[in-house]
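Look for subunit A in each of the two complexes below; its partner is subunit B in the first and subunit C in the second.
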Partner chain A sequence: MRFDVRRAALTLAAPLLAIIFAVLVTSLVLAVAGDPVGEVWSTIFSKPKPRNIVNIINSGSVLYLSALAVAVGFRMNLFNIGVDGQYRLAAFVAAYVAGEAWLPGKLNVVFSIVVAIAVGAIWAGIAGLLRVTRGVSEVISTIMLNSIATYLVAYLLRQVSAKGTNNIHTNDIPVSSQLAGFKIVPDAPIAVYTLSLLAVVAAVFYWLLLNRTVFGFNLRATGQSESAAVASGVNVKKMIIVSMLISGGIAGLIGMPLLFGDSYNYGLTFQTGLGFAGIAVALLGRNNPIGIAFAALLFAFLNEQSNALQLTAGVSNDIVNIMQGVIVLSVVVAYEVVRRYNNAAEQRRVAAQLESTRQPEEVAA
Partner chain B sequence: MSDTSDAQDTAVRLTDIGKRFPGVIANDQVNVTVRHGTVHALVGENGAGKSTLMKILYGVQKPDSGTIEVDGRQVSFSSPADAIAAGIGMVFQHFMLADNLTVLENVVLGAEKLYGSGDRARRRIHELATSYGFDLDPDRLVEDLGVGDRQRVEILKVLYRGARTIILDEPTAVLVPQEVDELFENLRGLKAEGLTVLFISHKLDEVLAVADDVTVIRRGRTVTTVDPKQTTARQLAELMVGSELPSPSTETSTVTDVVALSVRDLSMFDPQGGRDLLTDVSFDIRRGEVVGVAGVEGNGQAELVEAIMGMRKVQGTIALGDEDVANWSTARRRESGIGYIPEDRHRHGLLLDAPLWENRMLGHQTREPNRKGPFIDRGGARADTERIVEAYDVRTPSIDTTARALSGGNQQKLIVGREMSSEPLLLIASHPTRGVDVGAQAAIWDHIKTARREGLAVLLISADLDELIGLSDTIHVMLRGRLVGTVDPQTVTPEQLGSAMTGAEVPA
Partner chain C sequence: MTELLEKATGTVRKVRPTWPVVLLGVAAVILLLAVLREITGAQDVASSGTVRAAIRAAMPIALAGLGGLWSERSGVVNIGLEGMMIMGTFGAGWAGYQWGMWAGVAFALLFGAIAGGLHAIATVGFGVDHIVSGVAINVIALGAGQYLAGLAFTGKQGGGPTQSPPVEPMSTFDIPGISNLAQTLESKHWFFVSDLGAIVLGLTSRLTPLVIGGLLLFVLTWWVLWRTTFGLRVRSCGESPEAAESLGVNVYFYKYVAVIISGALAGLAGAFLVNDSTVYREGQTGGRGYIGLAAMIFGNWRPGGLLAGSSLFGYTDALRLRSGGESVHALVLLLAVLLLFYAIYMLRTRRSQALASVALAVGLLAIFVLTDEIAGDFTGMTPYLTTLLVLALFSQRLRMPKADGQVYRKGSAG
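== the complex of A and B ==
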């Protein structure tokens, strides 16, 4: 299809409106609480340092994977709330496997990634199976599976950690399997995770799968109208299982950049909560692979820039969570407003065109 | 009627109404004057702008230009609530009733302010029902009612809210002739009480039988308003299309000896309702044959179709050619050459928010020209959509338009074109011309006849008895889930068929 500049501008209008609105609401909250509004914004919107830029890219790519995992389900009206549990369990098992170093060097990395995908997929697949065989809502089952994953990981972590120490974590990955990352930001003391590339790979996979394959067509059809999909020959049960497997498989990737680029083991301090952030990012990005990229970078930017708030403005960086929440809520409204405006504008344009062709048309009629 | 009729005489006057959608002018300087206490019909081709005009009058859509007058006062509606307050009510083509509530509850729902929801409401409903001649039990569940009664509930709902002018969008499309007669009896009752009825229909004979005035709309403009007593259906059709209609061609039988579909002893039990939906249904369709099923809606036709399509579990055997397909998935049945025109196009036939070319793929996504290996063949699908749009005269600005933006009849034409493509062996057609105009109906019949000559087997289910008699080689009558008789379309009249459908003796 043709690329329409006006349309693209309008598409961007909605998230921009939402962000402006969120800034206003957050300012109001700050003002009511008696916090220094100006200093908060000057901190958040200050120019990030090279080190911060790397952090934004790193956490952005991880958020991206998380949002993509959620988005696969969303496109089919499946609410995989369990991305959080899926990635934590997958990261733990992969860390264990990588720490055991059954395979040498980079093969060990590849093998562990495959294991992570499998574990994430299986954990999500349980919810899919419960849905098609027992009719259990995937919302409920994935929430349950999240907390089961928490306890399961905590239990297994103790089992695999060295006995008699306080170092509760899996064995460190051998140096030959650790990934040094890319020094693409000049003057930054840290590197962009090598496995941030997984986000790019997953993006291409997601786009191809949904928009270019018959499977993706079936998935979108099921999401738009289950009854029409059934009549067209789609096996909805199979679709639910397979989409949950794909969603969980992508979720399995979330922990990989961190594991091989930073922590080198899975311990008590391994980052949690990424799955929930992914839901918000997917909503903001409208399940669109490019939209999600912007949304993920925005969220990563806000998180990173808010770290200094306590120091510079004496404000807790939780304020950023409020802002992110408002963005997600208001973006839903903003998309609707822009859609209406868009329709009205298009109608005016068509009307104007018709006006100019009316005379000859009437002669012809 | 004349334009000089004074305000007191006029219930609704629409002047210079204009409405545009992306790429189309739905209404362009439409003028309609509706007299008090009359039945006023609107006719026109698919996509002419009839539904749009009525939605504007009911406040669902805002006109871009023009004025609306009700009882001589100029009004501007921003929502249906405003229209209802001005005494205008509308029944949409797709019923909006809650199945698991009673008639009374459905009528009162959302209008509790008027007469409460207790005895007062019950009395009011009783009053309305008796004064307009509606025979309805307020305590029956809506799910137990047939289509004719459901429609009466919809009309009652509108009356209950105080409507003096009632809009009905294609009310007869889903009714069999007896029900149509009953509906028209009701409409005359409303008229006698001084109410005004505006209705849209593609069935021109009915229009001429019941309307006092008929307004013809063509491509968004009013052509004229005529007196039905001095107009024939043919003249009306020509006014709609703007040219002469082709005459129907005579047909010789094309039935062969080769059985395309063989159905034996199909039975289906509904555990919730505790009754049989289908009982021992058996029949054959040979290549080149059209087998019709006549029956009042809700007598098992939908279940039969869904069983053959593999969308519902059923006992008995279904063979396509020599192959037993009873355990095949819907996808496999479609791939082996079954085309399917569903009864409810919105629920089973379309992705309303997807573009037309994606809708072309629906149900055919595993086959050429829509597929290349695991991938979608966008080029192939788009080119073939262009072909269908052309061949079936689907009126649309482009194939990237969403299905939702098409008028009802044009949606139907797209579905028929899709299901007739890739040369099916068997076509399961439920109401294939429901909601399409006379011209398009004739075109669709021609397409089916041509395919039949080349060996297509058709299972035809239709509430339109003329269609059933005109197309079928054999007609089975279906009643309460059973095939209760077979009639010869060469000799049967619509009246005989109609009474057979309601359980009277089947003519030999």
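== the complex of A and C ==
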């Protein structure tokens, strides 16, 4: 038991060390570039205003969904880089469906979310299908599908937009289907997206799926040792397809909080790049639903707090990208170092135990 | 030596193409394009302008892919090519506008190599998962490129936070004699002969030292990796690092060198982009690093195949730019016919594949007949769709280095 406590401490130490290391590296970059180091940190680590807190919760929940989509694949060694394309295509189709308002009020919201899940799953499923039938690496196919999605959305967007105008976007969602959000932060002029709840739902789903179902067990087993999983009768091809579908389905949710809580349509300004951020967040959170929550909030916090950098310190907020990248790289390095250390410690411990049990026998003999 | 090695691992499945076969293949492609041009009337399917545009589009992808080749031959998957390329574009823009394009090339190589070194430290030194490290490098390089550009170019004449001041591009030159003859031939509009002339003209006129240098790097890579002891050792690290180590090869050293070279080549690909557009611009790489990786896989981890893959990609990309709607429309017909041939070829052995191909071909034919040209957004998709289709058709014939992507720890050979 004592060993486990130490092990847990080590696991927690890794991300903390990585963040400290990232702060040091970023400070070094700032210092070398001649930017004011102190003011940058005092801006980033200043107390967020109520408005900022709401923004952090909102973008954190969106990042959380994105990271969860990536994490499902990671748990069985599938690399779904295509989350970005999947959520953009899904958000577009859902926005179109919601804008057409075939169903009244809240039913429209539910229907659109189902559509988004389906579209995301199908787009990811293409990569899964290519992998199992044609042996195409999902890393490459999802990258290609991201680019194809970009052009496809651009084309479809032009088809559905009002002709002869410059504001290219889907029809606005009817007011009865717009969601007002929760005013849970006092004094904040804006509300937390209602569909941030999707992050909680997805988290519970993810945890139950992986830890309480046969499918989840098989998924984790395949991820840890494919040959062992095959030997125990797991149909790896089916697992790959289903995992990609689930990953894409969760990816489909990413755009929903934004769509129903903020933009109310899909246009040229709809937020992009969330899928790539999700990869970094999933890595930082070690594919663990709670770890990802912390990672998503940290990334959202850094993004939000860095917006003021240009004003207060005259520094471009791109510095935060460097910091986030360094956090991810150093955290995986730290995990690896900790893992090796643990392995070595385990070996020593077992060796010591063997030694101590053998000694008396020898004495007796 | 190569044959021996591959025989030993028992993986040779087909005969390596010989020169006559390659030349016949090239002639067949030209003939196909000539026929296509005659049938559809899409002149830009085979024109010197298209070939020139294809080279411009293909070179950065080919160089990035060559970077991937070095890295993966040593057993390290390099998805960070995109980020290394971004560092290259920044280096080329930053040094290029101050001291000329040659200095830009030098700094692109340097910055790319630094990013490659980072990847090597993470993957080889610390044994981090290769793809994870690559993704992290892409994130860092994206941020670093934007941050550094903001610092270096803001307030400079003609520059800004997302763009460098203009860079003086390298001067271009023609290969005298050949290009003149080819130009005469192209202008005649004779079947096949003029198409050949157009392609030769595109290949021999308005060249830059970077194109020539890039092609030489391909020859050099082939020679070093497949004809020298050094190269054999690099490849042995990618095939079986344990065996290499047991023979006294310093696996870490060769992996480090290969991954750093890989970064430098990706940086050079960035310099090519800067020279081409005479400026560093944010988002200039546009995913070409990833496509380079796909071209390398398409090329079966070999320089010749990689060059063919990049050319295919460059060609489809160029068509989009040269009266895209019409040209890509013609390409749809070509694709449909090729798929039908593939289906016939597969009919005896794999019925289901043949049927799928026929279905796809019929769909494409329907598109060809029912439309006059392809909408702009779809022509933009062509390169990516082509890559996906080609990989779907040929992925199973590929053989990657055996230990590619696996983390290796010194001393694990026992």
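The definition used in the following text is that the second predicted complex is superposed on the first by the 326 of 365 C-alpha atoms of A that agree within 3 Å, B and C clash if a C-alpha of one lies under 4 Å from a C-alpha of the other, contacts with A are read in each partner's own complex, and residues count from 1 in each chain.
Operating definition for what follows: a residue touches a chain if its C-beta (ideal position, glycine included) is under 8 Å from a C-beta of that chain, and two chains touch if they have at least 3 such contacts.
Keep in mind it's a predicted model, so treat the numbers as computed, not measured.
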Subunit A residues touched - subunit C or subunit B, whichever exceeds: C
Touching partner for A:N235 - first (subunit B), second (subunit C), both, neither: first
Contacts of A:F21 with subunit B and subunit C, given as first, second, both or neither: neither
Contacts of A:I143 with subunit B and subunit C, given as first, second, both or neither: second
Touching partner for A:V214 - first (subunit B), second (subunit C), both, neither: first
Touching partner for A:W41 - first (subunit B), second (subunit C), both, neither: neither
First, second, both or neither for A:V332, with subunit B first and subunit C second: second
Subunit A residues touching subunit C - in the complex, by the definition given at the top: 29, 33, 35, 79, 81, 130, 134-137, 139-141, 143-148, 151-152, 154-155, 158, 276, 279-280, 283, 316, 318-326, 328-329, 332-333, 336-337, 340
In the complex with subunit A, residue positions of subunit C that touch it: 79, 118, 122, 126-129, 131-133, 135-144, 146-148, 150-151, 161, 287, 290-291, 293-294, 297, 375, 377-378, 380-381, 384-385, 387-388, 391-393, 395-396
Of subunit B, residues touching subunit A in the complex: 20-25, 64, 309, 311, 329-335, 340, 342, 347-354, 358, 361-366, 371, 374-376, 378, 400
Touch list for subunit A against partner subunit B, complex: 1, 211-218, 220-221, 224-225, 227-228, 230-235, 343, 346-347, 350-351, 354
